[in-house]
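Shown next, in C-alpha cells, is the structure this report addresses.
When the chains are written out, they are named A, B and C in that same order, and each has its own residue count from 1.
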Amino acid sequence: MRLFVSKIFALMLILSALGAGAGQRLAADDHASGYTGLYDRISRAVVGITRSDYPRERSRSSITHFGTGTLLDPVGMVLTSPSVVPEGSRNIDVYLHGGRVAPAVLIKVYPSKEVSLLQLKDFRRALPPGKERLEYLRLGSSADLSIGDPLFSLGNAFRSIQSDDQVVMAAGVLSGIVELKEKHLESIYTGRALESTAALNNGMDGGPLVDARGRMVGLLILNFSQERWLGTAIPIDELKQLIEPHRSWFDDSLESASSLAGLELMNSHEGGKITVLRVSPGGAAASAGLRRGDVLRKFNGRKIESVPDFRKVFNAARPGEQVRLEVGRDKTTLSIGLTLWGRF
Amino acid sequence: MAASMSSTGQCRRRLSLLIALSFSITLSLSSPAAGEPGALSAIADGLSAWVVSVKVDRSKDIEIPRSRLPFNGRVSPESQGYFKRPKGSVTGLLVDRRGYILTSNYNLLGTISSITVRLPSGEERKARVVARDRLDDLALIKVEGDADLVEKKSWRDPPWAETSPSAAGSFVFAIGRGSAPGRLNLTEGIISAVGRNSNRAVQTDAKLNYGNVGGPLVDLDGKVVGLSGFVGHTYSQWGLNSGIGFATTAETIRMVLPRLLAGKDIEPPPRPFLGIQSEPASSGNDGAPVVAVVPKSSAASAGVKSKDVIIRFNGEEVPNFNRLRFLIFSCKVGDKVEFVVRRGEKKMTLSGVLGKFPEGR
Amino acid sequence: MKYMTRRESQRHQRSAPVLQASLALLVSLSFVPRTSAETGEQVSALRALEKRIKGVVAGCKPAFVFIKGAQEGGGYSSGSGFCISPDGYVLTNDHVIVGARSIEAYMTGGRYFKTAVVGRDPGGDVALLKLEGDGKFPFLKLGDSQAVRPGQRVLALGDPFLTGSENVFVRGAPANFEPAVSMGIVSAVHRYSETYNDAIQVDLAVNRGNSGGPLITLDGKVVGINGKIETRFALGINTGVGYAVPSNQILRFMKHLEVAEGGTVLHGKIEGLEVGERADEKAGLPVIGVRQGSPAAASGFKAGDLLERLGGLPVRTRSRYKGILGTYPAGDTVVAEVLREGEKLTLKAVLVAGGKAHLGLIPRAIESDVAGVGVGSVVRSSPAQRAGIKEGDIVTMFDGQPITSTTELKSVMNQRRPGDTIVLKLSRAGEDLELKVTLGGK
C-alpha cells in the first residue's frame, strides 16, 4: 500500500512540475497558430445575450439590447452586466455555441459594480450533443496581473454570436491600472479598473477579459471616454464576493479533487430548490440511497437555502462523520443517513 | 471503503499528513506566485527611473484646422468632444541629471499656465519649457528648483538604442506614466515602417493614447528606440489609438538634444536643392530624366545637362523623380553628393554640394 | 490486532526513503526563484516570434503596391494592393479603383508602373489589375482562408492615411513609399454582412488607405484582402474590428476576372430556392420553397429538404447560406448536401447571376423628333458607360423592340438577367447607331 502511495506521490510531483511549466508555456505560444488553442478552449464559455422588453417573440425586431456573458459553472450561471440585462429584465435569451438559444432568469443585479447574474432556466436545453455539462470559465486573480501581461477580450461584437455563431476574440496586454472617477456613457462604475489594449467594441459589454491561462480577470464595460479611449474592465477581484453567495453549483462528484460523498448539486433558482444533479455510482451518497432529482432540505437538522449555505456546512463536516439529510422526493420527505468518506 | 483504525492506522495518519503537506506544496508550485512580473512588466520597470508624468494646465488650447480632422470635422456634437485634448496627464523622459525632460511638442502647445512633473520618486515639481523642435515633435522642459535631482545614486543616461531600426516587424512597447499614484502603463506593437519623416522617425502600431504620448518607445532589449509623438491633429487626421503612431528615433534625438539643452529651438533645416526639373514619376522607371537644369544650382555646377537621366544618387538606385526627390530631401544643405547620369550611351559620375531650396518655389 | 508480515514490513522500509526524498525535493523546489527563468523564457519566445515576423515582412514587402485612382474632376482615391504573379497581376479592393479614369501604381521604394483594370467584382469588393512590366514582379501566394482560425496571428500591409505614399510630416515633401505593417489576430471567421458575405474579422490596425492590402499569415500566405472596418462615434479610425475578403472567394473569381476585359464579374445564386431563417436542433436548414421551373427545381431541390452542407461547408442559418453563396461567381456549380426523408442526397446547383439587371443610365426628357428615352447621365463604370452610351443619346430600340417611354424601358429590363447581352439602338445627333451592352447586376 505504501509503495503504491509513494508511486502516486512521485507521479504527482512530476505532473505538478509539468503543470508549473505549462502554465507559463501558455503565454509563449506557437508562432504561426498564435492563440488558436486558447480560443478553442474558452470560446464556448462565452455567450451572447439579448433581452427583449416586448412580449416574447423570437423575432429579432423585438430585441432591445444585445451583449455578452460568461458561463461561470457547468449548469448555466452567467455573469454579465446591467447594460445588457438591467434590473427587471424579462425575455432574456442566451446564445451558446452551435446556434443553441436558451432562456435565462435574472438572479441578481449589483448596479454600482456593473454585475448582473443570470441562470439558464434549463441548462440541459443548451447542451451540445454528447455533452452533459456546459463549458465555463474559472475566475482568475486580477491582483496578480502586471502591465504587459497578455489579455484577451471575447464577446458578441456587433452581434457576431447572434448572427454568425462566432465569438469574437481580440488580443492585447494589460496596459495599466486606472482609477475611474466619474461615469462614462452607460457605465456608472467608479474605482479601480483594468485598461488593456485588447479591442473592446459594441456588443462586448458584459463579457470577459481573460488572461493567458484562460481565466476571467475582468468584466468588460463600454465606458469609452477621451482619456480612456480603449475602454476598461472591472477587476474580477472586486466582484468575487458579489458572485460567490449566488453560486448555484456544488460539485463533490467522484471526478472532483477531494470527493467525500460523490454528489453534485445545483440551485435552479426557481423556488430556491437545491436539487441533486448527480449521484456518483459507488460513492457514499449512492450507498446512502440519495437519488438524482432529490430536493435537499436540511443538513444535520439545519435548513439549507442556497448552495453556498450547503457548501459551508458540508465543508465543516468531519471526514468519516455520519450526517443526516432531509430530502424531498416525489411528494414525500425522507431522512437519509450518509457516512462521509475519510480524507487522507 | 470505510475508514477504520488499526495499528497501521498511526503510520497511515503520519503518511497522510506528509502527503497532505506535500500536496499543498505541489499545488502552490503549479499556480503562479502572487504579483510575479512578466517579461514586459520587467522591461517597463527597467525604464521607470526615467519616465515621468507631466501635467500641463493651459488657459487656451490650439485650434485644430478642420481640414486635419476626420470628415473635415463634420461629425455629431458628441463626437466633436473627441477632437479636444483630454484633461489627463501625459508622459516625458528624463534625459539629464539636472532635471531636463524630453516630451512631445504637441503636449506643450497652447497657452500654458503651468507644468507639473511627477518624478519616479513620487515627488512633484514645477517645470518650464526650455526649447522646441517642431520638425521632430519634441520639446524640452526643465524642473525648477535644485539643479541636481540625483542624490545618492549616480545618474545614468536613458538606455538609448544605438542605431535606428532598419526594418519593420520588431516588437516595441510605448511606456507612459499616469498621474498620482504614478503607475507605469504599457501598450504593445511592432515597428510598422522605418524612414518616416525623412529618416528621423519610425511608425508603430502600438497604441499611442493620450497618456503615453511623449514617453519612450522601447524594444525587447529595453532600449529606447524613440520618443512617441505626432498625434496632434496639427499633423494628422488619424487620432489617438488608431494603430498609427510615430516616434522620433534615438539617433535623431542624439542629434538635436545638445542644441535643445542649450536652450535653442530647432528649426526645420533648410530644404536641400539639387536644381533640376524632371518629369513626373508616371513616365517610367528608367531614372529621373532631366528636362531642365536650374542655372547656378548645384546641378549646374556639377555639370548636369538637359536630357541627362539620373540613375543613381549617393549609391542608391533612382527609378524615377519621386525617388530622387526623396533621396535629396533626406540630405542636408551643404552635403556633398555623388550621382550617376546616363548621357546618350555613356554613364558618368558627377558630384556637387547641395544648395538651398529657393523661396517661393 | 494485526501485525505486518515480514514482507509488508520490508516494503514499508523501502518505500519510506522514497517518500522522504520526494518530499525533500518537493519542498526544495518550492523555494527555487522562478521569476528570471520565466521572464527569460518569455523574452526569448518573443524574440523568436519577432524574427519570424520580420522575415515574413521582408519577404512580402516587395510585392506591395500603392494604388492611386485618378478621379474625374481631380483628386485620387488611394489604397493598397499586392502583386500575385510574376507577370504583374495585382489584387485590390474594387472600391479603391471604382470611378477612376486611370490608375497609377507604385511599388515599395516608389517605382512607378502603368496599370490597367483586368476585371472587377463589385459585389465582392475585389478588382484585378495588371502592371505593365518586365514580367519579373515579386509576388505573393494566396493561401487557404478556410484553414484560418480565430486566435491565429496575422499581419497586414498597407498605406493607412497615406503615411507611406505621402509625407504626412512636411507638406509637399517627398514620401519614402514604404508600406506600414500592423499585427494582430483573427477575431472571428465567416462573418456575414450585405457587403462582405464571408469575412475574416481581425483586430489588427487597418485604416483608410489599407483597403486592398493583403492579410498575411505567419507562413507568408495571403488569406484575405483588408477592406472594411467598424469605427466608433463616426471618427473614422480603427477600433479593433476589421474585415477581410477571404482568399478562397477570390480564387473562385480569378478565372472570370482574368478574362473579363475590364468588365464586371457577377455573383451567383441558386435561383428559385427559398430557405428558412434557422435550422432547429436537428441539423439542416429547411428548404421552404422551390419555384416551379426554376434552376433550383432543375437541380433537384424539393420543399421540405433539409440543407446540411453547401460547397462542403455546414450551413445552419440563412445568413450563412447567403454567406457561402456570396463567395461563388455566376456560372460556377456548387454542391449541396440535403437530407430528404431520412436519406442523404447530393445535388449540384448551377449558379446564375443574382439581382436585377442593371444598365446604368439616368433618363432625362430631351427635346427631339425622335421617340425614345433620353439619356441624362451615364453612371461611371456602369455597363452603359462601358458600352459607349453618352449623355444626350436617345434610346430608341431594345433588342429590336421600340422603346418610347421609361416605363417601357423598365418593363423590358425587368425581363432581363444580369449578364445578358442586349443590343440598343440609339439616336445621337441625328445619327443612328447600335451598341452591344452586357447588363450588370445590382
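The rule is short, and it goes like this: a residue touches a chain if its C-beta (ideal position, glycine included) is under 8 Å from a C-beta of that chain, and two chains touch if they have at least 3 such contacts.
Worth saying up front: this structure is predicted, and the values here are computed from it rather than measured.
Engineer: Pick the chain whose C-alpha centre of mass, unweighted, sits closest to the average of all protein C-alpha coordinates shown.
Structural biologist: Of all chains shown, the one whose C-alpha centroid lies nearest the global centroid is C.
Engineer: Looking only at C-beta pairs that count as contacts, which pair of chains has more of them, A-C or A-B?
Structural biologist: A-C
Engineer: Express in whole angstrom the distance between the two chain centres, defined as the mean CA positions of chain A and chain C.
Structural biologist: Chain centroid spacing, chain A to chain C, equals 37 Å.
Engineer: Between chain A and chain B, what's the gap in Å when you average each chain's C-alpha atoms?
Structural biologist: Chain centroid spacing, chain A to chain B, equals 43 Å.
Engineer: Do you know which chain B residues sit against two or more other chains?
Structural biologist: As it turns out, chain B has residues touching two or more other chains at 15, 22, 26, 29, 36-39, 82, 241.
Engineer: Which chain C residues touch at least two other chains?
Structural biologist: 12, 19, 22, 26, 29, 34, 38, 42, 46, 49, 239
Engineer: Could you say which residues in chain A touch two or more other chains, in rising order?
Structural biologist: 2, 5, 9, 13, 17, 20, 24, 27
Engineer: Sort out for me which residues of chain C touch chain B in the complex.
Structural biologist: Residues of chain C touching chain B: 1-4, 12, 19, 22-23, 26-27, 29-30, 34-35, 38-40, 42-43, 46-47, 49-50, 53-58, 61, 104, 106, 109-114, 160-161, 163-164, 167-170, 173-183, 204-207, 233-239.
Engineer: Show me the residue ranges of chain C that touch chain A in the complex, using the header's touch definition.
Structural biologist: These residues of chain C touch chain A: 11-12, 14-16, 18-19, 22, 25-26, 29, 34, 38, 41-42, 45-46, 48-49, 52, 149-153, 184-192, 201, 203, 217-219, 230, 232, 239-241, 278-279, 281, 316-317, 319-320, 323.
Engineer: Spell out the residues on chain A that touch chain B in their complex, using ranges where they run on.
Structural biologist: Within the complex, chain A contacts chain B at residues 2, 5, 9, 12-13, 16-17, 19-20, 23-24, 27, 141, 143-144, 146-149, 172-178, 195, 197, 225-227, 229-230, 319-320, 339, 341-344.
Engineer: Give every residue of chain A touching chain C within the complex, in rising order.
Structural biologist: Listed in rising order, the residues of chain A that touch chain C are 2-3, 5-6, 9-10, 13, 17, 20, 24, 27-29, 31-40, 43, 99-100, 157-158, 160, 163-171, 198-202, 224.
Engineer: Taking the complex as given, what residues does chain B use to touch chain C?
Structural biologist: 6-8, 11, 15, 18, 21-22, 25-26, 28-29, 33, 36-39, 42, 70-71, 75-76, 78-79, 82, 135, 167-171, 189-199, 201, 203, 205, 220, 230, 235-239, 241-244, 268, 271, 281-285, 319-320, 322-323, 325-326, 329
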